Structures are given as structure tokens and as C-alpha cells.
Amino acid sequence: MMDITEIEEQAALDKIKSGKRLDGRDLKKFRDIKVETGVAKKAEGSARVTFGDSKVIVGVKFGVGHPFPDTPDEGILMVNAELGPMASPNFESGPPGKEATELSRVIDRGLRESEALPLEDLCIEEGEEVWKVMVDIHILDHDGNLMDASALGAIAALMEAKIPGYEDGKVLREEKHDFKIRRTPIACTVAKVGDRYIIDPSLVEEEIVDGMVTVTWTEEELCSLQKRGNGGFKKDELIEIFELAREKSDELRKIIE
Amino acid sequence: MSKDKKLLKDGKRIDGRGIGDLREMEAEAGIFKRADGSGYFRMGGTEAVAAVFGPRELHPKHRQKPKRGILQCRYNLTPFSVEDRKRPGPSRRGKEIGKVSEGALSSTVFLEEFPTATIDVYMEVISADAGTRCVALNAASIALADAGVPMRGLISACAAGKIEDTPVLDLKGEEDKDGQVDLPIAMNVDTDEITLLQMDGMTDTEEMDEMLELAIKGCKKVAEKQREALMKTFEDSR
Amino acid sequence: MMDITEIEEQAALDKIKSGKRLDGRDLKKFRDIKVETGVAKKAEGSARVTFGDSKVIVGVKFGVGHPFPDTPDEGILMVNAELGPMASPNFESGPPGKEATELSRVIDRGLRESEALPLEDLCIEEGEEVWKVMVDIHILDHDGNLMDASALGAIAALMEAKIPGYEDGKVLREEKHDFKIRRTPIACTVAKVGDRYIIDPSLVEEEIVDGMVTVTWTEEELCSLQKRGNGGFKKDELIEIFELAREKSDELRKIIE
Amino acid sequence: MSKDKKLLKDGKRIDGRGIGDLREMEAEAGIFKRADGSGYFRMGGTEAVAAVFGPRELHPKHRQKPKRGILQCRYNLTPFSVEDRKRPGPSRRGKEIGKVSEGALSSTVFLEEFPTATIDVYMEVISADAGTRCVALNAASIALADAGVPMRGLISACAAGKIEDTPVLDLKGEEDKDGQVDLPIAMNVDTDEITLLQMDGMTDTEEMDEMLELAIKGCKKVAEKQREALMKTFEDSR
Amino acid sequence: MSKDKKLLKDGKRIDGRGIGDLREMEAEAGIFKRADGSGYFRMGGTEAVAAVFGPRELHPKHRQKPKRGILQCRYNLTPFSVEDRKRPGPSRRGKEIGKVSEGALSSTVFLEEFPTATIDVYMEVISADAGTRCVALNAASIALADAGVPMRGLISACAAGKIEDTPVLDLKGEEDKDGQVDLPIAMNVDTDEITLLQMDGMTDTEEMDEMLELAIKGCKKVAEKQREALMKTFEDSR
Amino acid sequence: MMDITEIEEQAALDKIKSGKRLDGRDLKKFRDIKVETGVAKKAEGSARVTFGDSKVIVGVKFGVGHPFPDTPDEGILMVNAELGPMASPNFESGPPGKEATELSRVIDRGLRESEALPLEDLCIEEGEEVWKVMVDIHILDHDGNLMDASALGAIAALMEAKIPGYEDGKVLREEKHDFKIRRTPIACTVAKVGDRYIIDPSLVEEEIVDGMVTVTWTEEELCSLQKRGNGGFKKDELIEIFELAREKSDELRKIIE
């Protein structure tokens, strides 16, 4: 006997095979996406992003700290994700697990490899003090595709962020200086189901896909890849996925511009 | 405590409120899909969301109570909710607030109907400008009702306090920082029972009476806002 | 069928309703209280407190550290409580849980809000070095009302504490200088059972009370409140409790003076 | 990225390799007694060992899947495997690699044959000179086969990358440090399915195609080495 | 090791003791109510309390032994028991002493009578002036007897050592700090079996023989004190 | 009914009573021992040691750090052991448990008490910077007697270790300077089974022995003792064990010299 989850999974699978989705979407269509910025008053930048019923909030805080020894004249980027028990009955309290760690590291690499942040402008005193840009992703409600929602939230929060002043060892948060992002890396996850590709998988779809690839594109270049889940991809499939992700990430970019 | 700061002038506070006024409120129920119930509450610059899961089986089993369910609270500040980024994870303060929140909410829920079960309440503060535990509890209470958990009444919370020797309602950040007393309470406005009570500062019984009076009035106004939000969801879902 | 604990709880409840306690006490009477100071030889101040069969030991150590940025010229107070597996079969090893955290924080606030400690006299070099006053509460045997016993132990240990010398970056523990407490905040817990109030609840009584309020009074003022447990209180009940606690905390204060 | 360093000169790399050459490899199966299967793999200065335990019952029980087993990976760097001693225990990087390794290995194992079970794969990097996740996976795949776990095919891994604007195979430490792109992959060489794919750096689809081509060829050579090692153990045990 | 310090003068030690003398002892049984057994031991400036819970069911179940119970020890220093406040929680040293304490106590308890059970022994050092593990074990042994756990004999512990090239009994703090050898032992004085033995320092077999001889004599005196305390409780409870 | 482990344990016990071992060894004979050094390329010294099927790898790394306040002009020795889930189905991931802690601390004491390492030569700037010698023991395969194998691996790795250069706050690992060990403390574990002694116990033997003593000898002196397991020893038995361990540790020392 199948339980309710299995029945739903089977239905989702059948739908996709017929070229549609359980929620009526086309295979290559996003759910309703909403991006609101300035939603966390104490953050220097923030964004709440919804992809259908998935809900993510991202806050950017600036702080001052020691630079890393190998980059004494550069600011520091930190990305952290909390996938706590609020977002899903399957999550537990405690330090970030494998899933939250992957989430934050993929987004971190997208930002870092694309050189989206002007880290070299964030040095206060070489070898002594630099700005730390701390991006915290907080998952509120999990209905799938947290990766794309979180990455979009991160870049949206960074785009609206203002950097505080700094004087005599004190961060002056009432001052708000410009902080310019150079590029907008956008993550787009493409999943394979049989011989079909879908984007923006819902939670139930994530359970049935054969594999996923999260592709991060800037305006011009591919800057990060992460195959996720258990399945495998042939090389030609991957090339197709990269191009599809490019097209769809342009759609996402328009939302936040 | 800086002496020069004037928190009160001609009976008006720094944001123009009178001594018995609450900050502007906003409330919403049913904001999440995965949780069994959810709620949002804002009071001025302080905002929180809450999600309720359960009643569901408590693990590990040896913690189950044979005759009644338990209610567990997790209270957390998001890292970006405060001036200097807060390290993720439970602080000592957060643990304590989790515990007093359990005390504030448990008595209003008919836990005897759910032996061996747990009801889990998760509260996240999105933005902190004083009164965070009250705002989080207000969201949690909405979430419990939204989850359809049988309750003796809504729990509504707000703080009174003392600034410049004057009892006032609902301190905001600057008032809290330079204030003399902070007195957060939560109550079941239907039974007039105060289920959360904490106080820091130096005061006496008489002044306490005045501050409690203010806070009780505040809770009643909070309750109206909570009911409004629940009613709206109820109507939307019809 | 009721197990032994339930039978005992029922008996305790019945007794209170009849105006007495299981151990023969009146409702508003403490158990036998003993306070011994100087019990931990390596501590700068210490006290062992028993409330009936509840047993608590508190030690005060002084150390030197950096001040907090917002109080560069003040010493630091730290209160910690360990509620380990020795004290009760229900406690587990590990970092302080919710109960131990509440215990230490309520006592911390009583000391802090009453300004009992002369923290502003504990600055060694502004912004650089200040004294840390570290109060460690160790629960040895748990038969209820740990809060009042621990708070009494903390203030007793602080009253007998001597502050070491400090020279050339070294704490000189053989030197013992005066350390004056300005006030003696005393915690008194009042519990409600039906329409009656009791003080100093035993472990079995803590299970059956409708709610508790821990009230901390200095000689003159109310400095901290904490409602504990699940029940609720009307305003008038609270006012009555504050006054009862004031009276009973004066009794406790006499023991340590 | 230091501009002066010449990583490529006349089509040769700093260690004399051509752009499509792997480093010297060494492989061994059955190196441990207690584990159900074990393996060793070395690629130039990067070495790892792996041990497999299971299929065995998964604890705690509530994590068991009724219809299929699960495969769990732990990836770890020994404290002395890197320049500056690494603190023992899982880093964030290690956790992530553990997760993508599970994704890389799970699909090749007939997990549906082991409902409620777990197969635990432990990988330890002994010496790290770039390509550690690939080398660890190569050892893990040998260990799975050595354990007799039924598999659809061996998983073989190596990285391609880009240095001085040129796609090359199997970066070593200095190349990785000053390189432009790192592209580790793992694949089932029998089915041509890529089961691990990560990429850092700036590139485009065309260049990706070139690098993938290089990496796929590399994986096939790795597979030969793995098979050789397994064959040797098989013969030894006859 | 400071050369100037004179730890021994005319056969007398800094506190006036001879080389074979123990410090003043104090012992008590049944000091706690909640524990199944409890004990207190003091040796000069070193004091410890111990509590025993059990035999009781061991959790989690998969750790249970079908044929015999296990005995588990937790050894801890209170934060205020040492010169500079110690961070609460288990140190590496504490973990090791917990383990050797289990080895010291397990063989004296008839664990075969309690299959699947655990006996939990908790030791807390209140004041540390050398010899802490011995004093804690002495308290623990009293606690085991007080709990009525069936035992082959009491475990009694004390340390010998070497200061200024002379074997001595029961080092106190200053002697331990500037001494050459520390040799804590625990033994069942009824069977003469040494169940805890650790040693730090440079010595030879002959000197070890002398120090062991001293320590064994010490343990016998400790045992008397322990028996006295237990007898007193026994009489009090009649 | 006895399970397979019990049958094997009974067989091991019977064998020892008859003066032999399950694997054919004499009571006082080691299994095949192999020591290879230079096995971890990034370590400044390393050794892989096998005792039969037990397999251990030890790496030595040098780093620079603050000295301890009470030894401002001495280097720091740190010994750590990881007994992870790779080595045995009974081990779990996580911070070192009691067994790994005992392992590392016994080896640490052997090295420290024998003054094998020239720690006083490892001061860079008094009170400010000293060398840290970090010895990491990693258990790969556990078939008993990890203590002797690990201790042998530690001293072998230290013997082949070279100390890096240090200039302007940077560790120069391409420089390799001499690092001379003064003594070679060797741990030898003797186990008692009835009235017999065995050395180098296998895993199954460790389960059936009445008790073990790990004895660490330098060339001349006894420098550390650790009774392990549950049993007890009479004084005369111990003296006999010390001498046996001395003889057998000389055998082990020859392997690495």
C-alpha cells in the first residue's frame, strides 16, 4: 500500500511525464516569485523571497574584524544558512547539517567566484582591520528549491545593502554609504526527470527527480556548478542544462533589477 | 544610564507616544504552508514570526508524559535582527526565554487532551527593537490558534517599564536601554491570568501595581489585534 | 492505577489544602536552612546551603580579563549554574539546559539589577583589564526550591569573598583584600496551590503547584521577578505575593547577616 | 592570482605533464581487516584511504527508509594532511563534500536491495595536494567493490581545470591555487553518467565542454587503475 | 622544578609530616537524599563528594550487555576547586580519570548480578590540593557501599611520589608541583589487588617497589577511615 | 547459546591457558610489526605502524603559537588521537571519547615525562612565540593493542621529523632543520590472563584479559604507567610486569633505530 506521500510523488511523476506539473505549471516555468527588500530593519540589507510556498529571508550585516592572513587587504565574505525546525517537520535544531552547509557553500561560491563583491575596497587597515560582509540566510518555509530562492535573496539583499561608517574602532550604523555589487550571480537549478528537464522543483518534485544541477550564471559567465541528489548526467545533458539555466537565470535577474 | 537624554518631554515619549500607548501593531495568521499553524506579529520596529508543529508524538519516548502532552518552545533571534550580528544558535538568554514562554503558553492549551504528545512552538525574531519576547509570544499565540490547537484563550503579551521615574507602556529600544525597569508580561485576556512575568530593575510594590495595570491594558489591545488577524484568516478560508 | 509519585503528589496536594505540608511544616515556613561559608578552600568565597534535603554549593573566583566594550571601566559579573546528574536521576551531563540557564540568569539579574557588587571599583586599567567576578553554583542534591537556596548561597559566598592582589599581570591569591557588597538581594519563591500560597516548595510540591513566582528583594526594593511553571496569576495575587516574599526574604537575610 | 608565475611553458606543466595528463596513480584494495571493504588511492601527492561498513541496520530506526537503503559518506582530512595543521573534526567544506559524495556513489549502488539498511563510507585524506575529493572517491569506490556491495559500475573521479586560460587535466596544488577554474567530476565509466559535478571559477559553456571532455578521459584512466587493484585482490584471494 | 625549594628537611615535609604519613582525613557516608548512595572524603586540602545511581536500566538499549552490568564514572572538578577558575564541563584530563576510575571500581562490584544495567558514579572535586583522583575514588567507594551495591571489598586510594629523590606518601599541592614522581593507586585492601595505577615521572623498578609499598600502607589507612564512616551511617540508621 | 564472538573469546582464553595464542604466537611475542616513515607528504614527520592487523598512522606538524604562561620559554607539545568510525564498527564520529583520550594522554605523558623532546630549544621569543609540536595519531584499523602501536608511531614520526624555518611571522616549510629527540620512550602493554602474562594483545584478547598495564620505558628509566581495564594486580605481579615490559620495549626500540 502506498501512503499519501507516495501517491503524491507518483502523481507528480506522471504529470511531468505528460509535460505538465502537479500545480499546473509548464516544465520550464517558475512558480510565483516575490522579492521584497528592506524587510529586516536592523540589517544593512535584507530580502524576503518566496518561490510559491517556499519562503526565505536573507539579512546582510557588516562588522569589522581581522583579515585572513593570505588576503590582508581584502574584506571578508561569510555566508551562513539556517535550516531550522520552523521550516519543515523534518529539520532539527542544532548546528547546520549537511543540507544547510551545502546551501550556504554553493551560494558563497557563486558570490566569491563571480567577484560580485568589491572585497578589495573593504580594507580599513591592511593586515589589521577589514569589513566583514555577513550574509545570513534563514529558511522560513520549505516547499522546495531553497537553493535558487536563497541565492536570489542573497544577491537582492546585497544589492540594497548600505555600508555603515567606521571611526575610532566604532561601527556607525546610522551612516549609510554606498556599497556597489559588480555582478549579479544567479543560481538556477535544473532537475532531470526521465528525459525531461524541469526548473524550480517543488518539495515533492525534489523527491522524485533523477538528479539536479544548480548552475550559477553572472550576466556573462558561468561561475559555479553543483550537481545535487543521487542521479547522473551525460555530458550532452549537462551542456543543455547550462544553457537552459542561463536563459532562466536571466529571467530571475530581471526580477531584482 | 546617560543623564542628559530626555526620554520624556511634556508627557510625550521620543516617538511621540503617550505613556500608556502601544507602538503600531501588525498581525497575520497562516503565513507558512509546512507548519500546522503560523503567525506574524509586529510592534513598532520589533517583528517576529512563529510556527507550530503538532500535537505530534514526542521523541525520545522516555520523555513522554502518560497523562498529558507537553508544549516546547524555541525562541531565537536571527543573526541580522540586532545591531551587531548575532552568532546563530541558542544563547543563554534565548534558552531562558524559551523556558518562560513554555510557562506562558502551556496553561492555555488543553494539554491533557494529548497524552504522550508534544506541541512545538518555534519563534524567530526578525527585527529587535525591545519587547522581543512579547512580540514573539504574540506571534506564537496566533500560530497556536491557527493550528487549531484547543485553547482556553489567547495569550497576549506586552511590556511596561519605568523611564525617568515614570511608568510607561511598551518600551522601544532607546527607552529600554536607558530605562530603569523592564516588566514584560503575558496574559490570557479572557481569564485575566498573567502567565509570563519577568522584571529587571529597582522598584517597589506600589509602582509595580501601576506598571502591571498599564501592561494589562496593553495586553488587551494586543489581543484585539491578534483576533482581527485570526478572523481575517478564518474569513479568507471560508 | 497511580504510581508512587502520583500518590505522593496527591498526598502533598491534600495536605496543603488542609493548611499543612507533607513534612509537617506550615504553609509559610521554610524547611531547616543551613548556610556554611568558607567551604571550598580554593575559592575566594564559598558557601554551602541546605534547605531541608536540597543542597547547593557556591564558589566565587576572581580573575582578570577584558572589559565589555560598553562598560570599559567596570568589572564583570558572571553567574553560572551546573545542574548535573549528581543532583537528580532526571538530570543529564552536558551544557546547561533550560532549567540551569534560568536558575543562573535569575540570580545574575538579582545581583546585577540591585547593583549589589561594586563593579565600578573593579577596573584595573580602563578598556584593558578589569576583574571578573565568577560565581559558580553547583547543585549537589535536589529536593526542590533550588532557586532560593542558590541565590542565598551566591550572596553568602560573595559576602565572605576577599579579592586577590594583582601585579605585573599576575593574580596574587595569597593577598586577600576587602570586597564589599552594597546590598543583599534575596530571592524568595512563592507558589500558589489553589487559593493558598506556600513558600520553599519541596520537589514533590514543585510538581503540583499551580505556578510560582521568584521575587528578589534587596533590603528596600524589589529588583527582579520571574514567574515560573505553567500556571497564571491575577494581578492582585501578584501584589500579595510580592509582599509575602518581602517578609520571608527578610527572614532569609537574617540567616546570613 | 600571481601574474608572474608560469604554470605552463611550451605546453608543459610545472611537473612536466602535458595538458591532458593525469599525475602518477597508485591503487590498492582490501587494505584493512575490520572494515567490510577498504581501498587506497593516490594521485601524485594526494592520497586517501576509505573504508566501507555495511549494509547494516540504520540507527536510529526512525531514519530508516522502508523501500531502500541509504548510503552515508564521511569525508575527513587528517590534521597532518595539509600545510598548517587542521583541527580534527568535520569542517564545513568536509560536510559538503560528504554530501556530494553521497550523491556521487548512491546511484551506482543497488540500494533498493537493502531496505532499512545503511552503507557507511568513511574517507580519510592522508596527504592533500589538490584533487582530494576525487582521490577520496576513487578510494571509496574501490572499498565499495571490495566490500562486495552490488554496483552498477565503478565510480571514478578526477578534476579538470583552467590555468593560464588553458583547460588542463588533474590540477596539482600550485596549479589549483593559482588556477582559474576547478572542475571536479565523478562518473560511472560504464554508463558515462557524471554523478559528481562541481565547479568554481569563471568560464562559459564552450570551455566547460572542453574541460568536461578532458575530465571524462581522465576518469576512464582512473577506472583502469581501480580495476587493476581490484583484480589483484581478487587474484590474491583465490 | 625550582632547585631552591626545600620540600624535605630532617625527614620532615613542609607541613610537618613524615615521609610515610597521610594528611588528615575526614569521611562521611549518606550525605545526599536523591542519590542511591553518596559519600564524602577529604584528605588535607583536597575534598570530593560522590553520588551513585543504580543499578538502573542502561540507555540507549543497544549499549546494554546481556550478561553483566556496566559501571560508568564521571569525574569533574568544580569551577572553583582550583587556583584559576576552571571552565565547567569535561576536560581531557577528567575524561581519562573517569575511564581509569571505571577500571578501578568495576572489578570490585558483582556486575554479573546486574545484566543490562548500569551503575553510575558521579564524582565532584570541591577543593583540589593534589591527589584529587584518589580522594574522589575514596568518596565514590563509600557511595557504592552506601548504595548497598554488592562489592568484593572497598576500594581505597592514595598516591605515593618522589620528592627530592625520596619516596614519600600522599603528596600535597606544592610537593606535587615540584616533585619528581606522582604515583596514584587504588586497591581492594581485602584482596591486595591494585585496581588503579598511574605514574608520571622518571624512576626505576626498585624505587617503584618502595613507592608502591608506601602507597599500599596508605590505602590500608584510608580503608579504615572509609569503614568508620560507613559504620557510623549504619549505626545511625538502626 | 554462545554467539560467534563468545566462541572466539573462549578459544582465545583456552589457548592462552595452554601457553599459546589463537594466531599461533607465543605468549610473550609480538605480532608482525612494520614501521614505515615519511608516509604523509605534508607532515614534517610521519609514520605508519602495523601490529598484525592493527594499523595506525601518526603525523607530526609544527606550528607557532603563544607559550603557556608558566613555561614562557618552552615549546608546546600536543598529542591528539582520533579513533574514528573507520577503524571499527563500534566507534562513532564526534569528539574524542574516553578511549581516544586515554590513548593520547598516555602517549603524551610518555613523551613529556621522559623529556624526550627538546622543548626548551623551541622558544622563538620568550613569552611571545614558541614552536608547537603537534602529534596526531589516526587509527586506521583496530585489531588490538593500539596503545603500543600508536606510541611507537609517535616516537618514530618524531625521530624523522624536521623542523621548518621561521621568519617575519611565517613558517617556511620548505626549510628543513634538524630536530633531535633525546630519548625514545616506548610503551609496552602487558596483560594478565589467569596466572599468565601476554604482550601485544589482539582485539579478541583485549576482551578476555583480567587487566593490562601499559609501561613506558626510556632506554634507562620507567617514565609512565597506566593500568587499563577492569582487573587488579598484586604488587609482586606489577614488579614482574615492569621488568617484562622493559625487555620487550627494548625489542620495539630496535625496530625504529
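First chain written, first letter: the chains are A, B, C, D, E and F, and each begins at residue 1.
Keep in mind that, in the parts below, a contact is a pair of C-beta atoms (placed from the backbone, for glycine too) under 8 Å apart; a residue touches a chain by one contact, two chains touch by 3 or more.
Every value quoted in this text rests on a predicted model; they were computed, and no experiment measured them.
Common neighbours of subunit A and subunit F, by the contact definition above: D. When every chain is reduced to the mean of its CA atoms, the largest separation from subunit A belongs to E. Note: the chain lying farthest from subunit F is B, by mean C-alpha position.
Mean C-alpha positions place subunit A and subunit D at a centre distance of 26 Å.
Between the Cα centres of subunit D and subunit E there is a gap of 51 Å. Centroids built from CA atoms put subunit E at 57 Å from subunit A. Residue positions of subunit F touching 2 or more other chains: 96.
Starting at subunit E and proceeding toward subunit F, the closed ring of contacting chains reads E, F, D, A, B, C. Across the complex, subunit B meets subunit C through its residues 92-93, 95-96, 98-100, 102-103, 106-107, 183, 187-188, 191-205, 208-209, 212-213, 216. Of all the residues in subunit A, the ones that touch subunit D in their complex are 96-99, 101-102, 104-105, 109, 112-114, 211, 213, 218, 221-235, 238-239, 242-243, 246. Interface residues of subunit B, counted against subunit A in their complex, comprise 31-35, 38, 45, 47, 49, 51, 53, 56, 74, 76, 78-85, 88-90, 120, 122, 124, 126-129. Within the complex formed with subunit E, the subunit C residues making contact are 39-43, 46, 53, 55, 57, 59-61, 63, 80, 82, 84-89, 93, 95-96, 134, 136, 138, 140-143, 171, 173.
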